[in-house]
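Order of writing sets the chain letters: A, B and C. Residues in each chain are counted from 1.
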Amino acid sequence: MKNEEIILSEREKILGRIREALKVSAPLPGSHSEVAAHATTESPASHAREWLPSVGASGAEQFDLFAKNCADLKADFQLLNNREELPAALQKIAAAEKWSRIASHDGELSNFASVSLGLPVLLTDKGYDVQEMEKCDAGISECDALIAQTGGVVVTNRSAGGRALSVLPPHHIVLARREQLVADLPAAFALLQQKYADNYPSMISFITGPSRTGDIERILVLGAHGPKKLTILCF
Amino acid sequence: MSFVSQFKSLASEKTRDLRHRSVIRTALRSYEVVRDKRKAAFQSWESARQAAAETKWEAINHLDEHLVALTAKLEARGTKVHWASNGAQAREIISQILRDKKARSIIKSKAMTSEEIHLNHALEKEGYTVVESDLGEFIVQLRHEAPYHIVFPSMHLTRGEIKDLFQKELGDAPSDSPEDLTMVARRVMRQKYLTADVGFTGGNFAIAETGMISITENEGNARLTAALPKTMITLMGIEKVLPRFADLALFLPMLATAGAGQPMTCYNTMYSGPRQPGECDGPEEWHVVLLDNRRTELLANAEQRDSLHCIRCGACLNVCPIFRNVGGHTYGTTYSGPVGAVITPHLRGLQDWKHLSNASTLCGGCTEACPVKIDLHHHLLQNRRNASTSEPAFFEKLAYQTFAIVANEPAFWSLAKKIGWLTQPLQSLVKGTALDPAKAWTKTRELPPQPLESFKDWWKNRK
Amino acid sequence: MTVTLFIPCFIDALFPRAGISMVEILERLGHKVVCPNEIACCGQPPFNSGYWDEARTIAAPALEKLKDAETVVIGSGSCGAMIKKFYPELFKNTPQAELAKQVASRTWEFSDFLVSKLGVTDLGAKFPHKVTFHDGCHGLRELGIKTAPRALLGKVGGLEFVEMKEESCCGFGGTFAAKFPMISTAMGEVKCAAATETGADFIVSNDSSCLMHIQGLLSRQGSKLKTIHLAEVLNQK
């Protein structure tokens, strides 16, 4: 109880200092005049779309941009003709990398994909042993969106089998439908807001390429801690 | 040794170190190339900067409201929010959590705030095992060194030095290739992740609207830190707030572009709570520690309040010719470079740290590079003004008072020039010796010869 | 028009040729030049060191002398920035606040005045050498002057222009050069190396203070590379 009192009072002390400090207003950025503090309802960032890198108007242009961005990021993007091509695409990777077991999660697409491989599957949905996941050759997950502007993938722990599946195994396979491609970052945030409203998954992650580091002489190395490879299979 | 003599002594050493100069220049020139390319990809980088500056202005100038909203949202989903006025309180809060959880080992992802409160040192003293998981941080931790740069902690080291370090400390360094060395760190770290009791992170942005903390990283180490251990602790400064979720659509690419010349950092992850009912993994408990540590004093300074807009991208360090020549460690501060020179005098005492504001040519490269338009180099001028006003240096003030008298009286000014001209032969006799009043200049540079006829003489004579 | 030429203290004492060239160029263009003898300095040295009272002691009488000037031209980007950008700041909340703003708006850096105000780029100068240009940071970033000096050099007969690969501060920084000589020297060395790499015969700038620093290092190094003020180049026949 005593501890709680201290914590509460520290909060009030800090907020008190903030309120005291803010009695004097600060000049607005880019102006040297004193401007009274005001609360705006519209975010200055709400026009971000007009300033961020351009994405092209048509869906085809946006798919081309997504593919180009993936290539720059060293992510493997495969645009398939239909869902039925998924198993073959996966089997090709599995054979090349000699997968013996995979991790995935319960989902319409992910079930279809992982079952088609005929390998032992660790499903994360009802809890799992991380040491077991560590032994998996790949993590196969669904996603919330692909972003043309950045070549990125949006996953949440709700859509993509938890927090670790997309980052612990050495190869992350993302399964996506064409209609999941959004043009840009503002569209991705709008989609998340619309989809989850006031019940956000506790983790939302924008994944842009496979894990990387440049900490040694600024030379790019993939697979620093997360996956060395990121493959996006989209139909 | 005082902070200023320490700075000067380290600066003398580093500025003579041509190997250091070349390593840093090479690294930062390659950064400049990619950064310029990414900036050019924006339809309007300048408009984006202005919007980012206005958004941070709004966040900081309504900080109380945003923090209250953030806290309410976080707590509603079971996150425990703690408030710390200073480093000691933050360390005690964190220690208490570790004691409660009977934790032994902590895996950390990069957090400059933890450097600010010297957390590792305190926890190690209490017997905890603390492992930095970011590769650069891991390397400097093995060297018992502070991060060299807020974004690139080990940029001062060559692959050869890192190979030797790994060989000595880990007994494992197959070659000096960055790929091999990175894989050594990956192997070492994997088991630490799987067994650590507590995961510790910093935070890049705190979203008031939705009660989220956004973490930006390239390696995936923060993702793992926030996924595997049973308890998660996040320490962040109170200034990290952004009003709205959608603001990230602007800030994430800007942080990546300004900080590392990337279109987006590899992982940008927003956390809004510990593991929720129905979720399959993640920490059972999440503690968020909000740190003041004299940020409210900076907030009270309306003139320099915008320095709290800083998103710690490191862009101002990267372009700063002072940073490039003296290096990150010379500053002796958690936050180095221009932003460090601006805020450290506020966070740790103006008189002790004013030399950082003096050690600048006011070239303005930092202000131009800042993605949130902090008026950095003008704040250095204001720090100088505040320092000289509150505690003027006797001889310096006297010198300027004398200079003012001479400059304001044409006869004195003319006389001063004549004296300067007449004493030139004397000056060349003592040049570079202890008797030379201009020694600081003449040690490495020639003085310009002074002509007998000044401009004003010429002007008068031609009439 | 009548141009009030503000000659900075170090041009007056150390680099009179630069000032003389400015007078001769402006007069050749048909303008009346006046140089108030009572103004020696803009007050930047104490200002940059934080001694704003002493800076005002110097700047206040200078402001009064410039009160009725139609146009003020100043032969240094750095001192130009002091008047245009920092006088309004220095005199904020003083009786001279309004005057400081007015004078600031009527003040021009020399190259900017020629190009942006007079619309002149070709002065009929000849300078048959390979040159590179150093942007003084104050002129470049406080005043945004980048294209004007290059436009002027572009019209100089026989001149071959080459840019340095790396744009950086020369490390002068006023009293900084004496307070932190090791950093200042290191920055200057980087600058000199970038200039030498171009193979130019001359480093030109619109700021004599930067040139004084660069020349000081070059002379000590025994380099053949020379420095020269833009106005002197533009005044060569």
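By our rule, a residue touches a chain if its C-beta (ideal position, glycine included) is under 8 Å from a C-beta of that chain, and two chains touch if they have at least 3 such contacts.
Predicted model only: the values in this text are computed from it and were never measured.
Chemist: Relative to subunit A, which chain has the most distant C-alpha mean position?
Modeler: Result for max centroid distance from subunit A is chain C.
Chemist: Report the chain ID whose CA centroid sits closest to the centroid of the full protein CA set.
Modeler: Looking at where each chain's C-alpha mean falls, the closest to the middle is B.
Chemist: Roughly how far is subunit B from subunit C, going centre to centre by Cα mean, in whole Å?
Modeler: Spacing between the chain centres: roughly 32 Å.
Chemist: Distance from the CA centroid of subunit A to that of subunit B, rounded to the nearest Å?
Modeler: Roughly 27 Å separates the two chain centres.
Chemist: Rounded to a whole Å, what is the gap between the Cα centroids of subunit A and subunit C?
Modeler: From the centre of subunit A to the centre of subunit C is 51 Å.
Chemist: Which parts of subunit C, given as residue numbers and ranges, touch two or more other chains?
Modeler: Where subunit C is concerned, no single residue meets two or more other chains.
Chemist: Can you tell me which positions in subunit C touch subunit B when the two form their complex?
Modeler: The contact residues of subunit C facing subunit B are 7, 9, 11-16, 19-20, 23, 35, 37-38, 40-41, 43, 45-52, 54-55, 57-58, 61, 137-138, 140-142, 166, 168-169, 171-174, 176-188, 190, 212-213, 215-217, 219-220.
Chemist: Going by the contact rule at the top, pick out the subunit B residues touching subunit A in the complex.
Modeler: For this pair, the touching residues of subunit B are 27, 30-31, 41-45, 47-48, 50-58, 60-64, 67-68, 71, 77, 82-85, 89, 96, 133-136, 139, 152-155, 157-159, 162, 178-179, 181-183, 185-186, 189-190, 193-194, 210, 212, 218-221, 223-224, 226-228, 238, 243-253, 260, 262-276, 279-282, 290, 292, 296-297, 299-300, 302-303, 305-306, 309, 372-373.
Chemist: Using the touch definition from the top, list the residues of subunit B that touch subunit C in their complex.
Modeler: For subunit B paired with subunit C, touching residues are 8, 11-12, 15-16, 21, 25, 29, 321-322, 324-326, 358-365, 367-368, 381, 383-389, 392, 396-397, 400-401, 403-404, 406-408, 410, 413, 417, 420, 438, 440-441, 443-448, 450-451, 453-460.
Chemist: What residues of subunit A sit close enough to touch subunit B in their complex?
Modeler: Against subunit B, the touching part of subunit A is residues 3, 7, 10-11, 13-15, 17-22, 24-30, 37, 39-40, 43-48, 50-54, 69, 72, 105, 124-128, 130-131, 134, 150-152, 157-158, 161-164, 166-168, 184-186, 188-190, 192-193, 200-219, 221, 223-227.
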